[in-house]
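In what comes next, chain A is part of two complexes: it sits with chain B in the first one and with chain C in the second one.
Let's look at the complex of A and B:
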């Protein structure tokens, strides 16, 4: 099996090839740059309280996959590069810049001198080499598969790291921007891996505080932070509040400052004079997956017909209360190389009839739609789809399984149609396209069994094409092919929703979902 | 007196097979549910190959009997295993949560008694009167309403509206714990009180009509001394059994209440662990709850025996 290798182009930056990038500007280091949405003079101090549905699981950045953990340890652990505010590129963070050899096989990365870990020790190239090597070492059960193109990392001098590749790999810098490649002290500062992650040490604006599992996790300002004047906050406390109503009431009552992921059904009521109901552009795509291992979904006409039957606007209205947009492409607007003109199938009665007449089941059929239980949005979506397909004699039974069982059924291809979603972790389409169209990516093409020689070829070429213009052309073709073949019925692009207290300033969420807190401050 | 408590060691011994049975049932049930902890951990990044690799690393590729034997072997050494979710000792997780849930349950029992005893006495003092009808009917509303709804309503009125209490959470100090847990404990108490009130009221009416109360009255007893010394003590005996049974119900109720009020107790640990297929944590919580319910049962029998000298649980009854 080919491991999923991410193709992370630093869009724009790599257009000029071996150009040393300038340091990040605008906004504090530690996160997205340039996001300035509210003014005022920052106030020092204060404890930011984030109410979230689930507790973090672990602070191990190379073995942990849940967002609550990731958004937490990202405040402490920083990679060499970070994602830009629009989510479509990278910018140096701990690195000063880099150069690429003429054969595109060697990247020489220069580090900013004088950066210290929260322990007070200076970060050097040895720490960087150790961190990337550790990530790669745990490829089979962690995030290290993203380093699949890396042949060797070396540290020739204190502030220089050299990365040699197995083959040209344009996305390397974006690979290094993933949190799993964040820099930790060499040999974990003499600790075991388990011991280190009980109280991790990094270069981020916050350092480890206290964790009462199931109750709260507290981070405190890092006095050794390398960006003078940051962070503004004295501490951040992530409180576990499982019930969405309680989270909303806590923010409205001033007990919490941020409601992480309010339900769409309650989102409008989150806002008040003291709380802003905010949406941020995301990279979320919600879709219907067709299992091509089961008849009649191997028939492209059936997939196209169903795609043309679904009223996406109704779903956006009923599920997102008009906060999202109907999807037209395999890629999301927040992802590099998204093609706005992709001819993704939308509701079209004439097309639906035509495709049904050309299909192997022109008179209709009965099928099922698998959704995770306890998800009101997915249930509403499923009911709308059920209703949309009924006039064409396609009788859909909605099948609900609890989220883990639902995922298990999809993985084992024990479903016919299923509702699913994807959000990017890195600013490059390859993470998703390799998962969705390449059966060798390990996920049976997003568990659809879709296997198009054209799509696979386009995706693999795009993975290894350094020139962004050529790469864009390849991804445009890939989007057109998948729009035609409809292995997935693209439903909608949903933004991220947050309830933010009006005394919290500069709170921004990147399209990848993470929210750097170095810039954030609270007014009295 | 002590002779009548000879049944206690036997009851404790009887708890061993009960706990063992619970481990078997819970172990089998959690493994019967479709889904794999490795899939839960890997989330959207899960591929069959990576799930297989992580499953092997977690020992989930072993047969069920092998896994169960490992669990029992570890249990015999006081080791409940490692949480798949938190990657830490399950015992430490459970021990962190036990005081929280115990405090909540005891708090709700206290509130339940504070609500039930005066109301049932008030009702029994005028049987058939307006107050009696009111006490018999109004608390039933609490029994009929879902706990999560009662909880949210209490939050809206007393936390958001009057701002007398916090909107969920647990606090840091003991006094804060009592403040934070008041509304959730009240929610639980409201749901159980109607049963206790009806039981106590009925017992009190029986006692009030008994000869020994008439005798006490003829000797000049009345008011509080008659109520506490003769009526309540005898009326409370059947209610003790009902309270004991309902403690198990209260522990079950914490599953919902801890979610609504963001309380870091065993209930929220259990729900999170089931969702994540964190088998060791599910087994540990179920085992603890089973042992707790058995212990409450034994304590109920002890209290019952101490309150009523006629009760002798060591005696065999020939039918």
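Let's look at the complex of A and C:
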């Protein structure tokens, strides 16, 4: 579920593409029941209590990679642009608009005047320049790689920021919408970086409250918020409640308003007269990675055979309790350029037999499947795959390592098959495709060693193609190639699950996983 | 577990004369314990014959069913029969519990006897090593070892052996220190018998009873270790049925299908109770007061 870290070397691979993402083709976001029709007049005040499994790690928006932290500091720190509700495009937030030079090398961004930080000082172009430069500076340890194409940021006047690029790079606006480019006061208001993030100051609807690590983190309404009338809530408290059953009971009992990520197994029982069990379309793809550095996975027939043995419907049923859909493509339905007709391999006994007979190991073999320990969903998936492969004489040992060791084993290619997942952070497929198919991206093609000249060429071309139609065609081809080569066995697309108390209104989660709380309100 | 592990000597009633004559089968705790453990072992051994289904057989259409005629205790997330998994789980847990005690028992007792009998620098070296192992919390050490060795049955044996020999060592050493000052040992030594012979033939039989009594509670401890490791996902590799992983798998359903987690828990408790009773009974039966 957690966001992956791209390494620095992916910088060069990151996209040259289209800004007009929202205009591009893309399948309908699947499995949604997220749309909320909340009537009534918003009520002022109240404390929203979010019960979540883990505590946030840090409020540092340029160095932090875990979703719990990200969803928290996003309530305080805002970027110039933001992702649209459907997760497929961007819209101005602190920016008023922008213009692009004819050579597509210079972006001139106008800021909305009169925006104040929670401290009361006005936000100016100097703050924006400092924030973007600061993000770029930490490219090797943080999110700064995303700014790889930026040559220089300047602040010619109070409300104008000019971004000069090294080469044409259309997803700039999508990248500027990433939380790591959120605007903080110039020079951290005179503080050191560490001191500043102990109590961060931003332009968001909420400002820093207090943090009792391991127990709760509280944010309070920002009285200086630039959108008058918002936020409706007086405060938000993120309580750490590791046990899923306890979270459920707290929301049902009224001690908490939102249950973040209820277990799918109990998801149905989360809902009651007072609680809505909600799913929101996401960009999560769960997959089996085949390590091609280990035999026999360098053999495309073995990968295709295994892909054809896995019963995805069973996994969707046993793991997601039918709340997700079987995956057919490298891209997710919530991502621009997803192609619904991609011929991803599904369970097909005849194909599995045929591919096995063509493979280097027609009589089967023994291998292992690596999963992180303590993950009930992955353990269930692994046991289903184990039993799916057994009839073909492929004996799978399930290997469990604690989450950190599991991650290291994947990165160091010390595994044979592994279960993993990806969610998008920006509304552009390139973040994922460069990670997944381009070995030069530094991640050895999602740690599989997959190296297909065709796939690499298609991905690079798609990065540099500005025309959305041509770009869509390239991504179609790329999805077809990866469906055929099966470097990953695509398993399922899972939505985000939330238990939301029925007195909470307007709570929405974007396909990238974040949830703005400015217009959320609580009825009495 | 410390309460179970506490060594008890029989000092009840102050009537050693009458107790001395009581045969083992009149020892209530011992008999009760043997019956309980006997039934558990029998169920485990006969599991292939009496369990209604293959414990690994998945049937996703029948997942998460309540108790019924076909599945007496219902089915789990993958549609596997809970009763069958419970019975097969006993095989794994009991087998490892009993086997894992052997090596630490032998190694720890021998080292403890040597340390206690010879004293001096041998004692100092052995006991400082014991102190080092004692300084770590048991589970921390076992988990660290399993993590290094990789999960699986062999690692569990190894980890338990490496950690739990120290208890036997301490117990036997203490007993030997007392025993070596006793007249029969002094006599044997003055009679010119070799140290090894004195230790093996005269001291050994008189001190081993405490270690045997402790071993009973240690089996419970080992079962707890296996169950804990299973619960943490570091124990027996799936899909093998095992009580700890059954509890762990069922945890997410605790508010809806509570029996799935509670039943393996009860199995652990009953086994623990049986072994505790045996330990208690053996303590009475083998205590030095009785044998005097």
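The working rule: the second predicted complex is superposed on the first by the 488 of 524 C-alpha atoms of A that agree within 3 Å, B and C clash if a C-alpha of one lies under 4 Å from a C-alpha of the other, contacts with A are read in each partner's own complex, and residues count from 1 in each chain.
To be clear about the criterion, a contact is a pair of C-beta atoms (placed from the backbone, for glycine too) under 8 Å apart; a residue touches a chain by one contact, two chains touch by 3 or more.
Predicted model only: the values in this text are computed from it and were never measured.
**Q** Clash or fit: chain B and chain C on chain A?
**A** On the superposed model, which is not a single observed complex, chain B and chain C fit side by side.
**Q** Check whether A:245 is in contact with chain B, with chain C, with both or with neither, and answer first, second, both or neither.
**A** Once the two structures are laid over each other on A, A:245 reaches both partners.
**Q** When the two structures are overlaid on chain A, which partner does A:422 contact: first (chain B), second (chain C), both, or neither?
**A** first
**Q** Quick check for you: in the superposed arrangement, does A:214 touch first (chain B), second (chain C), both or neither?
**A** In the superposed model, A:214 contacts chain B only, not chain C.
**Q** Pick one for A:387: touches chain B only (first), chain C only (second), both, or neither.
**A** It touches chain C, and chain B stays clear.
**Q** For A:318, decide between first (touching chain B), second (touching chain C), both and neither.
**A** The second partner, chain C, only.
**Q** If you stack the two complexes on chain A, which partner ends up touching A:366: first (chain B), second (chain C), both, or neither?
**A** The answer is neither, since A:366 touches no partner chain.
**Q** Is A:379 touching the first partner chain B, the second partner chain C, both, or neither of them?
**A** second
**Q** In this superposed model, does chain C or chain B come into contact with more residues of chain A?
**A** B
**Q** What angle, rounded to a multiple of 10°, is defined by the Cα centres of chain B, chain A and chain C, with the middle one as vertex?
**A** Given the fit on chain A C-alpha atoms, the answer is 30 degrees.
**Q** May I ask you to decide whether A:402 touches chain B, chain C, both, or neither, giving the answer as first, second, both or neither?
**A** both
**Q** Of all C-alpha distances between chain B and chain C after superposition, which is the least, in Å?
**A** The answer for the closest chain B-chain C C-alpha pair is 5 Å.
**Q** Which chain A residues are contacted by chain C in one complex and by chain B in the other?
**A** 245, 249, 402, 405.
**Q** Where on chain C is chain A touching in the complex?
**A** 56, 58, 60, 63, 77-78, 147, 150-151, 232-234, 237-239, 248-249, 251-256
**Q** Mind listing the chain A positions that touch chain C in their complex?
**A** 244-245, 248-249, 263, 265-266, 269, 314, 317-318, 373-376, 379-380, 382-384, 386-387, 397-400, 402, 405
**Q** Please give the residue numbers of chain A that touch chain B in the complex, ascending.
**A** Residues in contact with chain B: 1, 4, 51, 54-55, 57-58, 60, 65-66, 140-141, 143, 194, 212-215, 239-243, 245-246, 249-250, 252-253, 255, 401-405, 407-409, 411, 422-423, 441-444.
**Q** Can you name the residues of chain B that touch chain A in the complex?
**A** That would be residues 33-36, 39-51, 53-54, 57, 85-88, 93, 96-97, 148, 152, 155-156, 159-160, 163, 166-170, 259-262, 264, 268-269, 271-272, 275-277 of chain B.
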